[in-house]
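What follows is a set of structures to go through.
In the two complexes that follow, chain A is the common piece, with chain B as its partner first and chain C second.
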Partner chain A sequence: MNLEELKKLKEKAQRQVALRDGNKKYRVVFSMGTSGIAAGAREIMTTMLDEIDKRGLDDVEVAVTGEIGLVDAEPMIRIEEANGEKVTYARVNAADARKIVTEHLEKGKVVEGLAVGKVKE
Partner chain B sequence: MKRTHILVCTGTGCTSCGSFQTRDALLTELQKNGLSNEIDVVETGCMGRCDLGPVALVHPEGTFYKNVLAPDVPKLVEEHFLKGRPFQKLLPTDPQTQNVIQTQADFTFFNRQLRIVRDNCGVIDPEKIEEYIARDGYLALGKVLTEMKPEQVIEEIKASGLRGRGGAGFPTGRKWELMRQAPVSPKYVVCNADEGDPGAFMNRSVLEGDPHSVLEGMAIGAYAMGANRGFIYIRAEYGLAVKRLHIAIEQAYKAELLGKNLFGTGFDFDLEVRIGAGAFVCGEETALMRSVEGRRGQPQPRPPFPAQRGLWGKPTNINNVETWATIRPLILKGAKWFSSIGTEKTKGTKVFCLAGKINNTGVAELPFGTTLREMIFEVGGGVPNGKKFKAVQTGGPSGGVIPEQFLDTPVEYETLQKLGSIMGSGGMVVVDEDSCMVDFARFFMEFCCDESCGKCPPCRVGTRQMLNILNRICAGDGELDDIQKLEDLAAMVKDTSLCGLGQTAPNPVLTTLKYFRHEYEAHIIDKQCPARVCRDLLHFEIDEPLCKGCSLCARACPVQTIGRIGTLKKFEIHEEKCIHCGACFEVCRFDAVKKTSPGMLVTA
Partner chain C sequence: MLEELSLNVLDIAMNSLSAGARRVEVSVVESHRHDFLILRVRDNGRGMDAATLTRVLNQRTTGKQSRKKNIGLGLAMLRQTCEMCDGHFHVRSAPEQGTSVTASMRLSHIDRPPLGDLNSTILSLCAANDDVDVRLKYRTDQETFNFSSQEGKPHEPRRTQETERKSSTTSRAA
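Presenting the complex of A and B:
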């Protein structure tokens, strides 16, 4: 192995363990209560994880939480940015999920048609 | 991609309390709940909190769980991974404030540490070379081989101020330079992983948690010193570490990070593991080399030093596990960075093992210059059960004890030596008020006496004679001149023994005599053991008004010397047959059994 090969191997391997470093720019929180799961939140999350992986975004972490009460609007996703900005998306389907990854998480643009709330703390 | 990694500690401490079962239960339970494709279970090396095992760390939240046993796993998976909230039952509490600790970052034990050597321990899977590479693994070796000349590497090590972590604290750069200058070839490098001190497990934690860091350090050293072959000498008792070393070596060979023509530079390095047969003395470098050669492990007089005539008569460099593991971060971040940590005389960090009467038992890495008080009371969380701190023994069986008045001493090689103790491997055994210092010294003298290889009489006969005197004192048969005899023998053994084992064996006796002489005098003159430990100096009796007549003590007594008082319901101990074992004292629930030593007030 030469140094170049080692560095390439490192880049590839880094994504496997990046999760353990903490301090990510984005934290994607899935509402995973009974109503969320019934509305398909779990599948949406798998889709989203897949898309994040495909795009090689390693500044993102994914978490689950209980429901916030707006049962009708499930599946809901909240994206928290390290600077305190929080955007909530409602009634997300698989295509939306991929769009949120490419637009919001990759380019930093809020997907306007889907976002239902935006707060900055 | 996975959203969560559950890191399960699979160091020896946690596996012995069932972390492999925990891992299996986690895998089954995640599968059952359909979470396997979003959550990974990772086996890591030692995280450092061995007393809370099996421990697990959940990323990205950083939630730290203690005592994660298989039966609790279904509930844990349901709470944390399905519902997304921490499982309260398995969260640790702070021993001093009694607050529940939510994440690893809030844990004083962890956030007080500075992890350089153990940076990867408990973070990566030690059996996967990719995870090591992901965290800059083998980059230091690549840098050294492609960008630096051997002399430059040695200059870097010298500039960093790194000193050997095996105990003596000899400057590593200087040692490497001497070896480089030796005109003979071939040369060998050796890793001393024969960690034998009772209460020391820092090397094991590195070998189990991050074996590649040792391999990489050795390859760098070999390049700098002009060696092409290395040996890791490890004790057979470290089964898991041996297994992980073998896996690591195999993976490194496969990835061409060991073997011929590394990084295309023409540098060859071969490494093999040699397993020791369990003799304490083989941690001594000359004995270690004989053992590597397949001969009986006995020390040789020095000079010649190993750098002149070592393995098979050729120049050999021996460094401790921790020294080798320090090389990689030092090369990556530079000598300047390294020398900014620690004290004037001693740079960098040291891995300490906190053991004995201490709340947070485990492995902690701290910069040199940290005081004993910070180590024991902040990182270690103090002495459990409200007991009073009495002393701390540093540096293993041949280290000395340090009493309370020196707790503010910053820890480094010279300061400990000044107090009559040693740094040794970095063991810290805390002793509380319930321990008898004479008995303590006797225990360690017995260890050294057992482990003496027998080659030189001062150690073989001297330690035996010292042990005989200590046994006599503990049995209440001590004589007035025994203290003088102990001191004379200690000086003789220290000055005339062939190797470090004998030269340091009297340390526990000398320091206890220095700081706790009154306890020796109490044993000899008053036939009293102030800590109420030495059996032959104890007296047990039952306080009649407190006795409820439950008969627990009578049933626990192995010599049936506890009986009812006449026709009363209450019990009494018949002194003549009593063997002072303390079984009755342990079982009594009403504090009715009293343990005393002559001349002492009767207390509970």
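Presenting the complex of A and C:
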């Protein structure tokens, strides 16, 4: 950790904050309770933000939630679509996180191998 | 146990967000000269009364009482780390008065976890809630760095393409 890094952080934060509002097509909810954080949710979140930013996807908003209760399935991500469909991904690693961005958020295809719950309303 | 202190910071600050804080202030003081590290997370959320405070600080009684159960585990873990590293741990909170968590430890203590990726912690906090002012104060013997997620918001726009694109998407929240 040095001051140079912190200065870069400033710029990056301002760019990524733009991801966060309005009625977007996708809403990505990260599980950020203690167990999620211990399992690596922070890295998953920054990886996804990075990938979303790199691909210039602007129809995505991000949010966080606390403990869900499925502690052994962390890190977890829930993707909510504007039409009410919800998909939960469990035990996500960094590579999975990038795949979810390219497949689900960009192409609209659910990554079947990683999804644990899919609720149609 | 969390491997990095910055993860502890994230954990505590996430609780600040769920306590409805509008401002979360993280301060890190790292002094090699005096050999200490102080972490403080201060928020203006809804705070806790004395009974809740006692409960969350006591690891063994955290259970199913409320949705806030995991506050207890997070704080207790950090307290343990502090005590292990010749430091102190202190939480000050009152209903509607916000919460302030202060953790100190001896910088050179062999058991002190690394601070880790504080950048990612702050980034995650900023991304988690756009309306909350996330502040970071980072101080060493020589230098001070201040960061606020609300600075450079649309009300003081720099006229570049980048900010124009951004202000069009963020202005609604303002």
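A few points about this structure:
In the analysis below, the second predicted complex is superposed on the first by the 100 of 121 C-alpha atoms of A that agree within 3 Å, B and C clash if a C-alpha of one lies under 4 Å from a C-alpha of the other, contacts with A are read in each partner's own complex, and residues count from 1 in each chain.
Just so we're on the same page, a contact is a pair of C-beta atoms (placed from the backbone, for glycine too) under 8 Å apart; a residue touches a chain by one contact, two chains touch by 3 or more.
Remember, predicted model here, so these are calculated numbers, not experimental data.
Once chain A of one complex is fitted onto chain A of the other, the partner contacts of A:S35 are limited to chain C, with no touch recorded for chain B.
Looking at the shared chain after the overlay, A:D53 reaches chain B, while chain C stays out of its contact range.
Contacts of A:A63 after superposition on the shared chain: both chain B and chain C are touched. With the contact threshold set out at the top, residues 1, 3, 6-7, 9-10, 12-17, 19-20, 22, 32, 42, 45-46, 49, 62-64, 66 of chain A are in contact with chain B in one structure and with chain C in the other. On chain A, the positions that touch chain C within their shared complex are 1, 3, 5-10, 12-22, 30, 32-35, 37-38, 42-43, 45-46, 49, 58, 62-64, 66-67. Chain contact summary for the complex, chain A toward chain B: residues 1-3, 6-7, 9-10, 12-17, 19-20, 22, 24, 27, 32, 42, 45-46, 49-50, 52-53, 61-66. Here chain B touches chain A in the complex through residues 1-5, 7, 34, 37-38, 59-62, 81-85, 123-124, 130-131, 133-139, 142-143, 146, 255-257, 263-264, going by the rule given at the top. Of all residues in chain C, those touching chain A in their complex are 1-2, 7, 10-11, 14, 17-18, 67, 69-70, 73-74, 77, 115, 117-124, 126-130, 136, 138, 143, 145, 147, 149, 152, 162, 165-166, 169-170, 172-173.
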